[in-house]
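In this document, chain identifiers A, B, C and D correspond to the written order of the chains, with residue numbering beginning at 1 in each.
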Amino acid sequence: MAKKQLRVGMIGYGFMGRAHSNAYKQVGQFFPSQHEVVLKAACARDAEKIKAFANQWGYESTETDWRKLIERKDIDVVDICTPNNMHKEIAIAAAAAGKAILCEKPLAMNVPEGREMVAAVEKAGVPNMVWYNYRRIPAVTLAKKLIDEGRLGRIFHYRAKFLQDWTIKSDLPQGGQGLWRLDVAAAGSGVSGDLLAHCIDTSLWLNGRLDSVCAMTETFVKERMHNLTGKVEKVGIDDACTFMGRYENGSLANFESTRYARGHKALYTFEINGEDMSLFWDLHDLHRLQIFDYKVEGKLRGWSSIHVTDNGGDHPYMQNWWVPGLAIGYDSSFTHQVADFIQGLESGKPQGPTFRDALETQCVLDAILDSAKSQKWVDVPKG
Amino acid sequence: MAKKQLRVGMIGYGFMGRAHSNAYKQVGQFFPSQHEVVLKAACARDAEKIKAFANQWGYESTETDWRKLIERKDIDVVDICTPNNMHKEIAIAAAAAGKAILCEKPLAMNVPEGREMVAAVEKAGVPNMVWYNYRRIPAVTLAKKLIDEGRLGRIFHYRAKFLQDWTIKSDLPQGGQGLWRLDVAAAGSGVSGDLLAHCIDTSLWLNGRLDSVCAMTETFVKERMHNLTGKVEKVGIDDACTFMGRYENGSLANFESTRYARGHKALYTFEINGEDMSLFWDLHDLHRLQIFDYKVEGKLRGWSSIHVTDNGGDHPYMQNWWVPGLAIGYDSSFTHQVADFIQGLESGKPQGPTFRDALETQCVLDAILDSAKSQKWVDVPKG
Amino acid sequence: MAKKQLRVGMIGYGFMGRAHSNAYKQVGQFFPSQHEVVLKAACARDAEKIKAFANQWGYESTETDWRKLIERKDIDVVDICTPNNMHKEIAIAAAAAGKAILCEKPLAMNVPEGREMVAAVEKAGVPNMVWYNYRRIPAVTLAKKLIDEGRLGRIFHYRAKFLQDWTIKSDLPQGGQGLWRLDVAAAGSGVSGDLLAHCIDTSLWLNGRLDSVCAMTETFVKERMHNLTGKVEKVGIDDACTFMGRYENGSLANFESTRYARGHKALYTFEINGEDMSLFWDLHDLHRLQIFDYKVEGKLRGWSSIHVTDNGGDHPYMQNWWVPGLAIGYDSSFTHQVADFIQGLESGKPQGPTFRDALETQCVLDAILDSAKSQKWVDVPKG
Amino acid sequence: MAKKQLRVGMIGYGFMGRAHSNAYKQVGQFFPSQHEVVLKAACARDAEKIKAFANQWGYESTETDWRKLIERKDIDVVDICTPNNMHKEIAIAAAAAGKAILCEKPLAMNVPEGREMVAAVEKAGVPNMVWYNYRRIPAVTLAKKLIDEGRLGRIFHYRAKFLQDWTIKSDLPQGGQGLWRLDVAAAGSGVSGDLLAHCIDTSLWLNGRLDSVCAMTETFVKERMHNLTGKVEKVGIDDACTFMGRYENGSLANFESTRYARGHKALYTFEINGEDMSLFWDLHDLHRLQIFDYKVEGKLRGWSSIHVTDNGGDHPYMQNWWVPGLAIGYDSSFTHQVADFIQGLESGKPQGPTFRDALETQCVLDAILDSAKSQKWVDVPKG
């Protein structure tokens, strides 16, 4: 039986361009379906660089103008891996062209942009998804499963952190290739849009709507050389952001993100405390889920570290990989996302996070930045 | 050479009465000095119970009226282990009687009370100390030493939590013996005064003054049977409290405490992120200090777990205990505090936390509760 | 009701003399019984040193000749804390004098000595116990409880290690105060009698008789200055010892001990793998027991770390200490041993390890050293 | 510049067939070189199954007779993923046909077979390598680097374990697809050839030659249904194997492997204790290397957990993957092996483990089994 082609047009070739491309290439071997992913075209302004990228990853062709890519008849899916300030324009154009869209996170620079993008894809009726990939780390997916099974009982607390340390050096420039995340014009915000966005997406998925937040931000290094202008300029992004909040279900939120936590490379952790069970996960040991099950007999109760690598059917996604005890990496989360995206196409049940889901995260992000500025509690707007 | 007697009058006989008594009995063997601690008298309203306690712990006599205890000529030190609402009256009377005072934490019900107490001991010129015992867990003292040596560089973040889970059961009563911590009239507050107070004391000691805070509190179980009245009554304490803040040194604070974190018995943790070094400590493994030292060669950098049990002189207090690898318990922190209190007497250099130090913690506590009520940022008052 | 006195005569004043004395002083407060322990006399050849020790710990009198101590009518219990080569003579004399005996481990220099000692105490009918204190770390006692409840099913493997690193320095002398453990004449053996003895005692208690063993020993530093002779002499002890073995119950043994494992201060660990449950314990975090319970639902199975500090009745000994989450130290194991010794006296049911129990450990030790010498498998003799 | 093709002929399609195929597909994107790997043909006796496998993984053609595959002119490399009892015949034929060979481990059923294979590839002068993939987990490679830099000083101990629990069920059959590892006719041995072989390979690489060993084996389940004969038959493999040994460099070996350690899925760990540094690694958290560095200042010494994910050049292989903190999986070790194999081809410096290297491991394996049978110490033969 011939497979149906899913022809990808990739815009961008950085870290995420590589991560997604690896997923497209792996998905057919580990998660076979009725679709065959074809790397049709890669696009970036720099003709030489995008050609090198296309050669290395096996894209059949290149473009230097994303509008051309979108117009191509032989592209089914547009993958947006550009800096954040380009998401909206490309996504709206791609939707108008009837393409399915896979967009990097955060969805947009702000809520108004996000609303336009949601309207565009929903009007066009095109499949759409945002790359909040951590939902599909098997240990995180297992957490979702346990919550959906009602094992936690009433939730009291949700705590998340995303700590890094790579921008402590004050001579690191802002802006330009690889460093656009430090440039407010390209990124829209700092750690909030880059790191907290992941924490918020997971949290909304696991624990439901956040009603209100109160935030604090700080920019520790106030000025940096700007790579594009060649001048020392004021830094516009948040280096650190902490916020408290209240969920619709009555539980309390405590979130923090920073790039100034010496010793932490990408320490995304979350902990949920329920009446009957607590859960903890840590990106640095992404293959483990820690649980405390109050229903265990008293003297045996403890925090249990589940090595989420069983291929016997119980651990999400793992039946498609190796044997128990053999961990898969960060990159597999993208492979899982492509597998689920395809499954959504085939089943007609779109898999999240859709643009609409990601807009909810954007609403929290905007509320946080509002709160940090006004120094007041802020109600999270509805998407 | 005959030792000088230090005759203790203990008020209270609960958990803390036992912990302090053990320290008084142990200190002479492990930290010999020119003083000999004598357990002179124990005091509580219930004559039978205090007699049993005195017998078990070797107190020479008992009293049922604390005023009588304070009047006794054969008492040098008054140890206040009562519920919080009695601290002020007893301390002021003891100071007036010229007694040295060791008072349980938190110092007082609120800042005005605390100010009166500080004034009283300073006017009377009596030695005074508050039982914030965690400063003297060897791993915590080592953290202080590393900070004082300037090893952390600029501090960016201070994070502390104190998580418990023992009040999740809604049929747990409030008030009365052993449960006065749930009764706002006796305790003044909930987790903030009970647990966060410890976190704040350590933090002020390690990281200096907190300038401003913004807090959120919650009472998850709104009504409980009151043991003293026999009626179901509104719960007045905070079950959970989270706050953000800014330190004078420019670093950011993120603190949280709750008694609703299923799976955590007494999880007091703190983490400090400095430019050159980060530190982490956890009461559940109190004999360890985790450090990340950025000055270590790149490829070897990691979080290092120091088993703070060396008796070779480098690990605080440990030269007086056993041999490397053999952990001491929670109780030893009280023994260390008594040893240091005596050293303060002998050297004429009072060891903290004094009442004045503890008043600073009280100021933060009041600011937190103000902020939680007003839902605004609050400047921390000066002691 | 007046308590019955239990008058202790302590022989020795080193590390163990201090650890036992602390236990004698603490036991009445934490484990009250019908007996009151009285520190009657301390004995050592050096009059000045033993006086200082007696003063510090509150012994009422001193002796410089252990025979005198044993003759005293006002001594009920003799505690032998001398180097190993003195155990036999003292114990036999103390038994003849009708004293109860608490003897440091290992019981003797070898099996023949041990047999004489067992014969002596059994003939005299005196209470006797050996200070294999690790049985009474609450987490270890909990392990015993789980095994006795039949939770492990068929046992396949028992693995134990005791790793230290304090003798790596080749300029450390052998012999003399504090270093007699390196002198074969005083200690009888090296790590086998000092460290493996603990592992073996625990193992026989938890997993039953060892039938046969095959061992390897090594002395890494062949010559050391001898503190007593002032000359560089051949080192007679084993620096490291590894052995394999077979238990009567069909399970396999893997034991190792060394003082050359850089980075380990006193890493005594054991792991037991049963069909239904596995257990792991580590002296460096002595308040935790790790279990893997196969009866837990598949997707939730993991290694669970039990913080053995609950005072609700479920965790051995802990109801007598503090509140959940607050760890006790290494020293508490001695307090528990004294408490159980007294309970044995009061109930008429002697608590182990008795001399007879400790003789079984001695049999394994001798078999190990035989095997290491002959390079053959050796059957463990019966006590 | 056109790349040179490296045309692979894969024999087998099981777990390892998949792992290697994934590596062949990934290597060009993550470790670009002058070679392009082409999946030319896959071979197995079952025509339907091998066709499905080839389709899923993108092999251009299939064969059902491995001799035909070897004869094909369009194959450069033969990858042997069959059960162990087929390795020799295929390898010798492939060498004779001038093919490069990548052979699964263990090299052979025994030393005589291994010697024939080494002779064959060396006579033919064909590139050859054995899939002891754990050498190329970045944390393990980092360990090698630290040892080669002389950081450990004199080595005292090497300890390794490989613990699993998947064969505890006595109703698991032996033999046949997926279970040939339990059939002595196909596998040659049990855990020794399957699991200890990995531990030995790593150890010889890190710590040099093992001179002598003394081993113990056990078969816990004595009879199992045989899938090929349909009868209950005696189990010929070792379920567990423990051995002690002495290295040429004077250090001591303690190795153990079992499939009856409840709770361990694939717990391959090793620890090396050197005078100046100790190292520990654990396959369950394969992205971490734990080190204890004695050269660190006294009070700061501890076991440090290095998250081996830095892409700044210091952590082996990681500059080709993602950013710090993002772990790669087990599968990446195969990708690294292919990358190094190609580098060996291009540089003319063959990368190990070659057949000759793997023969040394085979010599230890044979010595272990001899020792377990004879119950004596056995000198390890030379390759």
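Throughout what follows, contacts are C-beta pairs under 8 Å (C-beta built on N, C-alpha and C of every residue); 3 or more make two chains touch, one makes a residue touch a chain.
For reference, the UniProt names are A, B, C, D = Gfo/Idh/MocA-like oxidoreductase N-terminal domain-containing protein.
In this text, all values refer to a predicted model and were calculated from it rather than measured experimentally.
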item: B-D compared against A-B, more contacting pairs; value: A-B
item: Maximum centroid distance from subunit D, chain identifier (CA atoms); value: B
item: Centre distance in Å when subunit B and subunit D are each reduced to the mean of their C-alpha atoms; value: 55
item: Approximate Å spacing (C-alpha centroids) for the pair subunit A, subunit B; value: 42
item: Contacts with 2+ other chains: residues of subunit A; value: 264, 301, 303, 307, 310
item: Of all residues in subunit A, those that touch subunit C in their complex; value: 142, 145, 288, 290-291, 293, 296, 298-307, 310, 312, 314-315
item: Residues of subunit B touching subunit A in the complex; value: 156-157, 159, 163, 165, 168, 214, 216, 218, 220, 240, 242-244, 246, 250, 252, 254, 256, 258, 260-264, 273-278, 292, 294, 301, 303, 375-377
item: Complex contact set, residues of subunit B against subunit C; value: 15, 18-19, 21-22, 25-26, 28-29, 32, 56-58, 164, 166, 264-267, 283-287, 307, 309-310, 321-332
